[in-house]
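First comes the structure, then the notes that go with it.
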Amino acid sequence: MKIDLETAERMIEAAKEEAEKIEVPMVISVVDNAGKLIALERMDNALQVSIGLSQQKAYTSVVMRNTTEEVGKLAQPGNELYGIEVSVDDLVTFGGGIPVFDGDEVIGAVGVSGGAVEEDMQVAQAGVDAL
Amino acid sequence: MKIDLETAERMIEAAKEEAEKIEVPMVISVVDNAGKLIALERMDNALQVSIGLSQQKAYTSVVMRNTTEEVGKLAQPGNELYGIEVSVDDLVTFGGGIPVFDGDEVIGAVGVSGGAVEEDMQVAQAGVDAL
Amino acid sequence: MKIDLETAERMIEAAKEEAEKIEVPMVISVVDNAGKLIALERMDNALQVSIGLSQQKAYTSVVMRNTTEEVGKLAQPGNELYGIEVSVDDLVTFGGGIPVFDGDEVIGAVGVSGGAVEEDMQVAQAGVDAL
Amino acid sequence: MKIDLETAERMIEAAKEEAEKIEVPMVISVVDNAGKLIALERMDNALQVSIGLSQQKAYTSVVMRNTTEEVGKLAQPGNELYGIEVSVDDLVTFGGGIPVFDGDEVIGAVGVSGGAVEEDMQVAQAGVDAL
């Protein structure tokens, strides 16, 4: 299975509704199974830094095959991937990126940025749930 | 005037219809008055190189306050901006990027990539016309 | 269809035989449908610049969905993609990269570097023919 | 002594067998005495982030003339190379990269990525042992 544009838009729409509900303007990205952008929307007044971060969170989720939250735990001082975000370009090590699986295979990811990390995770989850 | 997300989506929708009419899958980007992404959609089966190119065309149109087609003419050997794309990162010097004005002021741009340059220009124009 | 490692190795083996026949040490890369490396072999005494070039040729073939030879023609002065290799990182605009299709879909590419461009193209073709 | 392509392939083959034994798909890279790629293989379903990481681990082992595990210890907060991966591009500071010596001289390295760090180290060691 692949995420086509129509599916990506449905995921973004659901994420956007969640973001509107908690009244935080977000940037929402959906990427394919190689971490490449399918669609992105920046809500009015979202942080400019979130344009890049939302894409990087989605990318990280695909190439690490994990949520950015979990990657972040492994990258803490004393843990086994400490320093990985320095070694590898475009990784993000805090929540807001969630991979999408078809069975065992990663078929894409959602990346959300704009609010507190908990809020980003909640909005990204809403995007994934729309599948 | 600013291009808000709703307007950007309307522009992308119009561009997408034009691309469907000529049956060429495109990537369509709309950026703000700083050249930063508001929304992007990649149609199914669009060229992967177009993900970046559509953004760069829109960016070029804003920072040069001109279409990428015109920038391309000025950048030909013997002309006055020859070599500018080497000096400045992320410029594109062929058609498909069109700035959007409010009076004298650039408020954003559309960038399209995926087909022949003529096709990209036609689809970008459809996006601008939706304003 | 996907190119798995076994297939990639068979393609490299065939390309390597062709390179040995013409007695030119080459670097041979096979990438997936996103332009990401599956396997690379550098023959003894191959040019060091070819390590990167062979990967970039394969990458270019995927993201442009065309041979690097054809991309190069479009990128000549006066042609419609003139300057594209300046705008887009990692593109190569001379022969030696050939995409692999499954029907209409790009599933990967071979990139070869090390000899004259004609030789690179011949060796890359041998790799593709092994499919 | 130099690592030629045939030797690099033998090392990769041994590492791959070890990876298959523990059932973790890995990316395995072998580099020369300058840290430059001789051969790389990505096993089916290996993490995409490992394509770069395996090369960087091998590179790090050569330029630091040490395992990435040891480099990682020196780079911990409070230790003498703390921050080195920020100063120097492409370093990796966790296990999976092992240099290969001929007497006192570094002649290359193996870099492995794809599993837990312990697994990467075990598979890299199998590659080195094949020499």
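Lettered A, B, C and D in written order, each chain numbered from 1.
Definition applied: contacts are C-beta pairs under 8 Å (C-beta built on N, C-alpha and C of every residue); 3 or more make two chains touch, one makes a residue touch a chain.
Being a predicted model, the structure only gives us computed values, none of them experimental.
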Contacts common to chain C and chain D (chain labels): A
Centroid distance [mean C-alpha coordinates] between chain C and chain A, Å: 32
Distance from the mean Cα position of chain C to that of chain B, given in whole angstrom: 29
Centre-to-centre distance between chain D and chain B (centres being mean Cα positions), rounded to whole Å: 43
Intercentroid distance (Cα basis), chain B paired with chain A, Å: 26
Where chain C touches two or more other chains at once, by residue number: 34-36
Chain contact graph, described as a line, ring, star, complete graph or other shape: other
All chain pairs that touch each other: A-B, A-C, A-D, B-C, C-D
Chain B-facing residues of chain A, complex: 4-5, 9, 36-44, 48, 51
Contact set on chain A toward chain C in their complex: 32-36
Residue numbers on chain C that touch chain B, as the complex places them: 34-35, 62-65, 77, 80-84, 86-88, 91, 104-105
Contacting residues of chain D [partner chain A, same complex]: 45, 47-49, 52-53, 56, 72, 75-77, 85-86, 90-94, 116-117
